[in-house]
Amino acid sequence: MIVRPHRHWFVRLFSWHGSVLPGILFRLGLNLLMSIIAIFCLDWYETLGVKLTLAPFSLLGVSIAIFLGFRNSVCYARFSEARQLWGSLLITCRDIQRQVLAISPADAPRIAALLMAFCYSLKHQLRRTDAREDLNRFLGDEAEDILRRRARTNAIELKISQWLADQRRSGAISDIVYAQLDNSIHQLSLVLGGCERLASVPVPFAYGLLLHRTVYLFCTLLPFALVPDLHYMTPLVSVFIAYSFLSLDTLAEELEMPFGYANNHLPMDAMCTNIEINLLEMNNQRELPEAPVPDRYYRLT
Amino acid sequence: MIVRPHRHWFVRLFSWHGSVLPGILFRLGLNLLMSIIAIFCLDWYETLGVKLTLAPFSLLGVSIAIFLGFRNSVCYARFSEARQLWGSLLITCRDIQRQVLAISPADAPRIAALLMAFCYSLKHQLRRTDAREDLNRFLGDEAEDILRRRARTNAIELKISQWLADQRRSGAISDIVYAQLDNSIHQLSLVLGGCERLASVPVPFAYGLLLHRTVYLFCTLLPFALVPDLHYMTPLVSVFIAYSFLSLDTLAEELEMPFGYANNHLPMDAMCTNIEINLLEMNNQRELPEAPVPDRYYRLT
Amino acid sequence: MIVRPHRHWFVRLFSWHGSVLPGILFRLGLNLLMSIIAIFCLDWYETLGVKLTLAPFSLLGVSIAIFLGFRNSVCYARFSEARQLWGSLLITCRDIQRQVLAISPADAPRIAALLMAFCYSLKHQLRRTDAREDLNRFLGDEAEDILRRRARTNAIELKISQWLADQRRSGAISDIVYAQLDNSIHQLSLVLGGCERLASVPVPFAYGLLLHRTVYLFCTLLPFALVPDLHYMTPLVSVFIAYSFLSLDTLAEELEMPFGYANNHLPMDAMCTNIEINLLEMNNQRELPEAPVPDRYYRLT
Amino acid sequence: MIVRPHRHWFVRLFSWHGSVLPGILFRLGLNLLMSIIAIFCLDWYETLGVKLTLAPFSLLGVSIAIFLGFRNSVCYARFSEARQLWGSLLITCRDIQRQVLAISPADAPRIAALLMAFCYSLKHQLRRTDAREDLNRFLGDEAEDILRRRARTNAIELKISQWLADQRRSGAISDIVYAQLDNSIHQLSLVLGGCERLASVPVPFAYGLLLHRTVYLFCTLLPFALVPDLHYMTPLVSVFIAYSFLSLDTLAEELEMPFGYANNHLPMDAMCTNIEINLLEMNNQRELPEAPVPDRYYRLT
Amino acid sequence: MIVRPHRHWFVRLFSWHGSVLPGILFRLGLNLLMSIIAIFCLDWYETLGVKLTLAPFSLLGVSIAIFLGFRNSVCYARFSEARQLWGSLLITCRDIQRQVLAISPADAPRIAALLMAFCYSLKHQLRRTDAREDLNRFLGDEAEDILRRRARTNAIELKISQWLADQRRSGAISDIVYAQLDNSIHQLSLVLGGCERLASVPVPFAYGLLLHRTVYLFCTLLPFALVPDLHYMTPLVSVFIAYSFLSLDTLAEELEMPFGYANNHLPMDAMCTNIEINLLEMNNQRELPEAPVPDRYYRLT
């Protein structure tokens, strides 16, 4: 994630960081090349009776803008849901910790460790990275048993649930308090299941492919439609239009799967650290991890 | 469902799999034919005083794009809701299993079997396929009784509910724990009822029909409106515009009823296997089914 | 409701059923007439200095399309909410029946009868038809007391609530089970209140009126704007544009109040029968009503 | 609120009631005047080199239509939420009454009176009218204490809560039943807080102002852009376009704050009476107020 | 927040307050300058073969309007969610206070103080201002402990939770009442977590940057595209179009982070005072703070 630098609007116009530009520079270059070809070949191919006018491209361009708007809504909604799930994870961790502190303060540190393991394991599951180090840090010997499983994050949740079941079986808590805490654990299930859903089922593939192709072909043909009217101004206007269409297309694709390391993805490292700080502080620990800070490119991971 | 292959954007432009192309190839061919007819007949029918210009088609095209955008939102919302319901099914199965493991571990395998039967039965109900084999696998002798009924999936839920009622009647669980588990069974009802609703009531028929017709007539007349301006370029531009309109129309139709086997439908086979793996692993079973893998066309069913 | 016939796309183009056409045929005829008048009078009124061009109509047409898109979203959202409420009714009836079977099986048939009476009474209330016959069928002597009241469906819910209160007062069920079942009855309140809200407060009247007028005036003036460009092709293009605008306007109006008998309204008869089948089967009744089947025009009521 | 009269579409075209026309008649007149000035001055100011063409106004008009569509969605969402809150109020009143009838029938009339006082007080609070008469009617002597307070509706809710607390303290109801009823009172809080939120924070002021100005300036300049093309037809087309833009702008403004007496506002008088009828009938009262009927202009207040 | 003054529409046209104008005046001036340059240089640069026409700018302008519409929806949704969270905070504070008054009236003033501290602390956290003064006012000696922590608002919530845990441990309240109040405290968690989510993760940075740049470049080039058609009218139309695009862009940016002091931000000072008044009055305190009143520029902070 790019942390928006609070700079003057004028400086921002030329800022480089956080824009999706790098990914589309090559395609803009191609578009520029096409514009120049169009200027030089115009006279030649018009003698062949080949001509392109802007009117059908206006119709097509506006239609594509409408479809791009739709795709952006859909992909942004996925990004936004992913963010809400991780927000809900912070809320739930604090809630479980708060309830355990109220009910059974002695067990609070162990539950905090399990909750942190849950968060880090979820992060690694979503990014398909190795969870071993983090699980060892929080779970010690128990980590091995978790790492042998396929559904690791769920197995950690099961451990919290088993602690709760033991409390109830031993009579330390009543059925009512059991049910109350079980509801909070259910929230963990919702977060886990929601993230898995977003990660496993993308927007129907055809949407992306369809728009990708249409935008691309549109940008390629556009210079030939602009050149009869604009002549030497074709490259400027053509690259400008291509920039706005291609970058929205690329941005939508980035937001569709928000669990990676790209500029506009969720900063799950920072979020995990933040949850850790919260839980430790609730347990009155003095030594807290550093609060996450964006790097010099304004990026959090 | 097509699992998006992570390939270079340039290769993707020409990828064949997962696009909705096959379903509209014939109609694009027709459009091409119309374009060629338009080029050759232009001189003849203009002498008859018949002419078509692009301006009214621009107005119509943009209007159709707006309506298509609306229809795509509506159909995508159905796809997305179906996906959420199946995501919720996984969450609920894990939750019930977790609660049963906490309350009454001895019954966990039987409840797991009932939950798996519920999922497979729901899949068969939505796809109108034969559930006998799967129900026999999970329920053994009890399967016959289920298969005689009309509302089979609901009958399986009733069996879980009866187990819970027996537990309560025998005093093994208190009313509070009963109510807590009953809430989870209620989640199964929500999933079942939600899927039945999506499967039984489509988007009002007239929307599809209206857009289908309008898009089709628009694409048929378009070449005649383009040809006075574009002449030999008519087929290229006409097929391009037709491609973007027809494929969005076709895609919306596919997403409207997402429970089949089409490219953009939900991979319910894989989802059922995934739930099975999760439940078996929660019961510490060693032999788990293979995780579902897309075939060579990147498809999951 | 029209049940979408699964036919070839080509046959569908010319299908008659389920389209909103009949309601707008007269207006399309009027539009055709205007087009012909425009063709014949063009020379005469242009000599008077009266002329209309397409450009302002493009602006207006696209604006109207945007506003129509907004109105369609709003009206479809009402249709969709109505459908969800009835889906929720099925879920709730099955849930209550399931809970009663678990708690107090002897009373299950009576509660089933009350639930069915609730559904049929709600249907009659929404359609303003006579509920006497259906209430007599399910409630026998009690029906008269219900029929004397103004808020009949609510009175039936009250009867279920009173049964529950009696169970609690007699000590047959604990306060916890009482609260659990009371939550399900609360769901009935939500469905009832939601349907009443949809039926009593339409979309602000001015939206419909405003668009109705604008669409109508637009379609009437359109031929005069098309005729200088298209001449003999005016009727074809004009009727085509009018068809797409008028039918979307008409369809939105139909969906706004989805509780009637029109083609795109909810099939509440079939839904009531479906709930009846489900409840009877849960009580192990052998003789179930026929499952509802669309008539030869693919219609369910 | 205008209750939609079910009349023939043709009669509706010329209906006067319920349209937002009166509020914009003056501005349409201004637009007409501008059109006539434009026709007469065209020759004069064109000699000065001043000219306006339609093309930039098309661009601007479509943009404004998109922004108007956005503003209408936002304002309609507020109207719709207000309607849902009042629908939820009816549901909650019936639910509380139902629960009190089940738990403690003797207190039902007093609770009904408090609920009715809550509804009427909320209405007066939202409309900033005097609640004294209605509160006296339902609360008798207690009314004075309520009227002295700033947060009156909340104080009435507190009275219901206090009754519940007394019941629990005296042991008449268990903690579980207390919690169940407390949940219903919480629903009252949600309705009250939701209505206060809608009433106190409008859509950001700049949206309305921005669109108001843009629409107005657009409509003022439009005739000068139309006149070169349309000449004598300018007034017709210009007033038509202005009508559709100005009335949507005005309608959005009306819907933004739906708690007044305007044509498209919520009929809170009728809703309060309706809740009163429901609660009285649930208490088996014979003499019910008249059901609210729209006046001769089809209006409910 | 600007409190909408209820003035005549005509006066409003020229009102200055609450419009986003000041922030874009400089950019409009720049646009005006460009227009004048365009008028004077037109003849010169056309001789160089450089020309710009309006057609591609129409296509681009409508596309930008669609994307701006999308961005406005997204940013307004954030504003709206922030408002709902603070509305929910008022509801939750009243609910907790109401429940404490019912369960344990003696503790009500202390809980009211903690709730007020929670609200003020949340305000200061979101605005990054110093909470010391307000926390001292409500918490006295306890404030120091809170101020030493990183997650202050959460620590205050923890204090309420601890009070509840003490009540339960001492047997003053049953587990059921504990669970009921714990649910209300969970609501505080939701508000806190929701506000933190909005404040920490903005809309993906690239959206803002992309639109910012596109809108800016569009407005800069626009005069050159308008001048061949409009000549001396270029400045008027160009500034008008730039005004509507730039102010929507600026407004979206303001709404994206609604927790500051800008004109369209949430009036959190007034909201805190309002919650204070409500809680004090529920405790029958006589001396209430003044109700917040907008200043002479109609602004609330």
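Order as written gives the chain letters A, B, C, D and E; numbering starts at 1 within each chain.
Here is the rule we go by: contacts are C-beta pairs under 8 Å (C-beta built on N, C-alpha and C of every residue); 3 or more make two chains touch, one makes a residue touch a chain.
Just so you know, these numbers come straight off a predicted model, no measurement behind them.
Asker: When chain C meets its copy chain D, do both sides use mostly the same residue numbers (more than half shared) or mostly different ones?
Answerer: different
Asker: Between chain A and chain E, what is the separation of their C-alpha centroids in Å?
Answerer: 24
Asker: So, what's the distance in Å between the C-alpha centres of chain D and chain B?
Answerer: 38
Asker: Would you mind listing the residues of chain A that make contact with two or more other chains?
Answerer: Residues 55, 58, 62, 66, 69, 73, 176, 179 of chain A touch two or more partner chains.
Asker: Which word fits how the chains touch one another: line, ring, star, complete or other?
Answerer: ring
Asker: So in the complex, the part of chain D that touches chain C is made up of which residues?
Answerer: Interface residues on chain D, with respect to chain C: 1-4, 9, 12-13, 15, 18-20, 54-55, 57-58, 61-62, 65-66, 68-69, 72-73, 76, 79, 83-84, 87-88, 90-91, 94-95, 98-99, 101-103, 174, 176-177, 179-180, 226, 229-233, 236-237, 240-241, 243-245, 247-248, 251, 254-255, 263-264, 266-267, 277-278, 281-282, 288, 291.
Asker: Flag every residue of chain E that touches chain A in the complex, lowest number first.
Answerer: 27, 48-53, 55-56, 58-60, 62-64, 66-67, 69-70, 73-74, 149-151, 154-155, 157-158, 161-162, 164-165, 168, 175-176, 178-179, 182, 185-186, 189-190, 192-194, 196-197, 201-202, 204-210, 212-214, 216-217, 221
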